[in-house]
Amino acid sequence: ISQLPLSDFGKHRNALVAKMPNNSIALFPAAKELTRSNDTEYAFCQHKNFYYLTGFNEPDALLVLLKNEQGNSESILFSLPKDPLHEIWQGRRIGQVKAVQEYGVDASFSVADITTLLPSYLNNKDQVLFGFSDHDFAAQVFTWLKQVQSSVRQGIKAPQHLIDSDPLVAELRLIKTDNELALIRQANYISGLAHQRAMQQCHVGKFEYHVEADLLHEFARNGARHPAYACIVAGGDNANILHYTANSDTLKNNQLLLIDAGAELAGYAADITRTFPVNGRFTAEQKALYQLVLDAKKLAINAIKPGMCFAKLNELTNAFLTEGLVGLGILQGEVTQLIQDKKIKDYFIHGLGHWLGLDVHDVGDYHINTDREQRRAFEPGMVMTIEPGLYIPLSDSSVAEKWRGIGIRIEDNIAVTATGFENLTVNSPETIADIEALMLTAKA
Amino acid sequence: ISQLPLSDFGKHRNALVAKMPNNSIALFPAAKELTRSNDTEYAFCQHKNFYYLTGFNEPDALLVLLKNEQGNSESILFSLPKDPLHEIWQGRRIGQVKAVQEYGVDASFSVADITTLLPSYLNNKDQVLFGFSDHDFAAQVFTWLKQVQSSVRQGIKAPQHLIDSDPLVAELRLIKTDNELALIRQANYISGLAHQRAMQQCHVGKFEYHVEADLLHEFARNGARHPAYACIVAGGDNANILHYTANSDTLKNNQLLLIDAGAELAGYAADITRTFPVNGRFTAEQKALYQLVLDAKKLAINAIKPGMCFAKLNELTNAFLTEGLVGLGILQGEVTQLIQDKKIKDYFIHGLGHWLGLDVHDVGDYHINTDREQRRAFEPGMVMTIEPGLYIPLSDSSVAEKWRGIGIRIEDNIAVTATGFENLTVNSPETIADIEALMLTAKA
Amino acid sequence: ISQLPLSDFGKHRNALVAKMPNNSIALFPAAKELTRSNDTEYAFCQHKNFYYLTGFNEPDALLVLLKNEQGNSESILFSLPKDPLHEIWQGRRIGQVKAVQEYGVDASFSVADITTLLPSYLNNKDQVLFGFSDHDFAAQVFTWLKQVQSSVRQGIKAPQHLIDSDPLVAELRLIKTDNELALIRQANYISGLAHQRAMQQCHVGKFEYHVEADLLHEFARNGARHPAYACIVAGGDNANILHYTANSDTLKNNQLLLIDAGAELAGYAADITRTFPVNGRFTAEQKALYQLVLDAKKLAINAIKPGMCFAKLNELTNAFLTEGLVGLGILQGEVTQLIQDKKIKDYFIHGLGHWLGLDVHDVGDYHINTDREQRRAFEPGMVMTIEPGLYIPLSDSSVAEKWRGIGIRIEDNIAVTATGFENLTVNSPETIADIEALMLTAKA
Amino acid sequence: ISQLPLSDFGKHRNALVAKMPNNSIALFPAAKELTRSNDTEYAFCQHKNFYYLTGFNEPDALLVLLKNEQGNSESILFSLPKDPLHEIWQGRRIGQVKAVQEYGVDASFSVADITTLLPSYLNNKDQVLFGFSDHDFAAQVFTWLKQVQSSVRQGIKAPQHLIDSDPLVAELRLIKTDNELALIRQANYISGLAHQRAMQQCHVGKFEYHVEADLLHEFARNGARHPAYACIVAGGDNANILHYTANSDTLKNNQLLLIDAGAELAGYAADITRTFPVNGRFTAEQKALYQLVLDAKKLAINAIKPGMCFAKLNELTNAFLTEGLVGLGILQGEVTQLIQDKKIKDYFIHGLGHWLGLDVHDVGDYHINTDREQRRAFEPGMVMTIEPGLYIPLSDSSVAEKWRGIGIRIEDNIAVTATGFENLTVNSPETIADIEALMLTAKA
């Protein structure tokens, strides 16, 4: 599977329509092309909700879902028209005919017809659903509502309720289908090949961005044309900058190299982090901290099953890492007290994980009501990262010098199954032995 | 009564709160001052919904109504702070202390605190109510929502439903309390004095805007500092321009003068139209048409009671006027057919009436569902205008010449009572006899 | 003269064109109608610069002035099209034919053609002039520029200089023609009649807004349908609020009444202030302060001639008022020192005057370069107000009690002539004797 | 040289300041980060004008250049402040101290100070320069102007002239320094290595985006982390879509492959196109057309020297290609007539070339006044592409079938020298012999 069958997007639409109240309309705009400089543009990335509901990969389109008083629905896609001159210059367009035939919408019109048709769709609807996070589109919706409003004395009703569609789509996206899981599994596999290659081709003196180039080349070679997010390739102390994407330094002997990189496959993300020695051999201190993080990751992952939640995984991991750092002499004091004081957050400064899917930090609520502690129970079909880490900056003079400048994160992607979990990250080497063996072989 | 007791506005707030869902917030911005030219401003007119809910007459304020999960509510008024320097230059402000003491809100803060407090009010609310017609404010709401949204990963929920408060307030405003009726009655009385004066002081050669000045002076002399809408003072053929407010011509012998003018008293409108001969004596044709319109008005008004609707009043009036015009030879053909073809709309070109209250064209739905025919049943406490008219422009060569250039409208303000109606327009002369007598006496 | 001959506006356009660089375009949008509440609007007030250049009194229009490389110019007026249906409802429009015939522009098109024509006018122009204070219009200009820009690779040049037209028009408007002076003179005369009537009809117990109604009625009766600014009718201590326009109190015995009110005639303003005793007789303290302000006004006015400037008038008046207040015991200390310390500004809290014309606070620079002291020399044709005042609030416990609650301002409108000045304010009574005599007679 | 010495950017600033009028201010905003999806961002690309004037590579900054009445200037850089917490999460910032020390500006402040300082910089300046193409920034400028305007009665002058800085910077950027030429030369060299690799690793059945991955990997491996524009890798008929960037098809036997790809090095672009047979051997028809395009390119390039212009190169090339197509029987008719009718534009559908520099379609005027024909004379230091092409779509039934589906473009980058030209594209194989030899060797 290299992308979802188009029929799956129809299922997604149906699932959303099932959540729409009767006599409502939902509006999903596609992304726009973004200028990089002057007249050049960044590689187009479809708006993920729009993609989830259409599989349609052109800019400037608009999906309209109508649900009438009886609960019957209709899907309409506005998209760029077929235009020979434009297509000679800018590339092929799918057009209205194929939109209906291949993408399975009930009707399709040119974007030029939006102005005329949209207000008529809004007439007498009770509710309008759209994503509140897009302020430009919200302003557009209010403009259309005003057009409807101007007919109110003639007996037309204007919608009086606006519903944020973002959380509704988020709940759908949160539970992955088997096809979605297959794509994320494949994105993980491709990413694993790239992490292997990074380890194999790593050497002292190489630039961090050279390693990034190897990763991206391996992604694309295996069918993933874009990364899911900017690669972090962080040698030594750079690893202590969490979103280090400058990737501009050379790799030095005795440093660790932290790589956080995942492929995007047909819109779906992998998000994998590995940390390994630039020269192929862990030092004693690196080994000690690395093994601690690795064990923490295993502990957390093994606890995953339906009903578990991030809050409990956090407790487990934090306690384990606290004990570990006390054992290494990095934390001093009574373990129970240190745990209660959350002292570990001085070294493990980010969260344990996040949802994963079409977005690397995928949508979906983490909380029950307003618990603030991520107590939402896991369900089969959820996919998340587990990514413990330990970060001791060079500048941290409160820790013995030998530990400084070490930053470690190990991150896998986990699907919740009916009975437990599936670790989707199967081919990214992680044990000290495996890593050292792979790197040694590569050098030979 | 010269304005509502401040406690009435508290009752209005309570009535709105009762309509709010639990765990919701409602936002009502005051009007802003509008520049007339350079650094001068128009006389401030408060936003009518804001006024209805507060009685507060300063610009730039914001009313917040909070209703929690248990249904308990709180009202907060943000208003301009007391500021000695500003008050020396611009005038006195009520300030936060008096806002609570006199206007009965639960708390009051300076407008400078809105930015800080508003997002915190929105946290974890399910629904936000505000008026969708104000696009600038809508954009502001989305900005606040975005601030809330940025805390979502910490477990804060952002509201996911926006509700148009305009129709909710409209339904409240549509049914008038006794105090409101008293104000509209008084506004009618003052307007009647002005119409009397206009008749008494009318003479050939006077400018239309001179008559307007008399009307406005009489309004203010009696406590109504502003008109409810721009006065229409339309001599002769000008009456055939429905919203003629140029008022720039001189009055000529044998013309009719149509005056559509009503006072605004403590925010409440009267809306009265009278048509009379500039020289004090109706011609035969004027008399014939005038009597027809007058009789149509009586017919419609006498039919008003709970359960009646505009659609039926329209039928009555249209049939009556059609018969009348056939009788005068202005319409030719079979009456039933002419009625069916709505031929009368060639001469009676506007609607029969409209709601009246804080706005001259007051808020409130006219329709049942989407009937498009104003079939909503009248209820006690509703106030409306009844304003039949006949308009035969000078340029209308399809009608015999003697009728041309005549435009007549007669408009009263009617409250629906438990058993029938009260005509609030009691002192604006309307019979031919009364008008001619008044004008004759004035000349003497 | 009740308004400028239309040919004068053509002269104004020519004067502006003479200031435009070759190969430039100037854009002047008309004002828009402003909503008062719901579907009612404030009385339309044309944008003063647009009016100055066209005499055209409809909203939504746009004046375009083109000046080519050879210095030849063309004027184009975009205005609302003639539209029978719209005119039946909203009133007559001038339309394109009359715009050319009567308003003397070279061409006129419907506003619907702006989108098409404007970018073509901008093609290859070097400079665009428009008023920088109108941000919405500025955004519109940038949108048009972008349209031109998109043709740049085809050899079209887009304008690269934007010039603020506000100061250019301001300099023209600052020097009044004889016709403009005639209008301001007439506006003054009408305003004087109103101030006389206010004195005559003033009595204890009357509301301030009743006096305002008398003023407005007298303005309109004499041809000035609107005031040039919101009337200030301030009894007693209210006079110490400079822009008191609430006008909501009753007038009390022994109070002074300060009235700042001027008519607007054909767009031109008068701005006159008079202060007089509510009961018709000044008290001793009122008399003392009033005479001081009156003498200060005379002193300043008599000094006006070409070459004089506000800075010098300020020095004169401040010194005179300081001496006066020392004489009355209100200021204590050495006069020279008090003057140097500008102590008088505790009681004379506003500026001595301002330009007057189409705006009450008319446009035009007060400064030479960046002097900050209003040292610009007067020239024939300039019109200004001279309005000294003294303000001792009731709350000012630093002054003996008998002076408190007195606020006085006396304001005339002065034109600079070739040899000195003309006081345009000829019929607003100002001497104690005249005022008391007029009020006594009126009571009789 | 892998990037310009920071002192060069100071020279660029000085060159711009020299073009600024006295008593003016110029404003150059940095680019903002652009969201790709949810909370991930595209790789940051600095605004090219801002980069040209600073060499500073952070978002959200603002360069201010002040030139006083005496012609003395000052440069101020507003940039993100040093912020330890932010830097742990998002990466290192340069901060204000280094901005002055390393980037050579006269002063540097935090972006938080812009609101306060900017209006004071604008006070009393005559002219403001900024890029008119950025509408959001233009709106910001008008907001600042309004703040200045509010102090005008106190004698502050607000700037009355806005000047589009885009054309001024464009003229500077158009003439490259030796260091800039060195970077473009190096970008060309790197791109040439990538084109070689593409040829070597090309084979039937490979996906177009696999070739893209090879190109990008080779760019990065050699120090160019980003391409200057989206790679076009167009097999067979895809080459007839000019900006084909889908790169989604497999390469087929007997097809040509058109690759338009250039590296970006330290902000500077290469823009190279090569076309070669997927299987390593040109067919007879491919050979015929390819040689014609190649000869056209040589003809054009050899004509380049100071004083030449695009208009003349177009004439040369169009005539040559017309003759060639007549020779091949693709065009029929009399050559002179065909040239006059510009028949060649049916097959050579784009322009012959464009400026090249920081942007791939670099800034700089092509025209003299409004000639519309690109008659501007070349000058030493200008860099341009020369890229003739011939395109015969599969769907073009007016041409003999054997020619259909062939699209060829060959593009080099040329610098104008004092006496002629330098072809910067030295290592991208282009002769039929060289290409076939390279591809044959690679397969072995």
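Which chain is which? They are A, B, C and D, in the order written, and residues in each are numbered from 1.
We take it that contacts are C-beta pairs under 8 Å (C-beta built on N, C-alpha and C of every residue); 3 or more make two chains touch, one makes a residue touch a chain.
A quick note: this is a predicted structure, and the numbers were derived from the prediction, not measured.
The chains that touch both chain C and chain D are none; no such chain exists. The centroid of the Cα atoms in chain B and the matching centroid in chain C are 32 Å apart.
One simple way to say how far apart two chains are is to compare their mean CA positions; for chain B and chain D this gives 61 Å.
Per-chain CA centroids place chain A at a distance of 54 Å from chain B. Because contacts link each chain to exactly two others and close back on themselves, their graph is best described as a ring. Put simply, chain B touches chain C in their complex at residues 34, 36-43, 45, 47-48, 87-92, 209-210, 212-214, 216-217, 219-221, 225, 228-230, 240-247, 349, 358-361, 363. By the touch rule above, chain D contacts chain C in their complex via residues 124, 132-133, 135, 138-139, 142-143, 145-146, 149, 153-164, 167, 366-367, 369-374.
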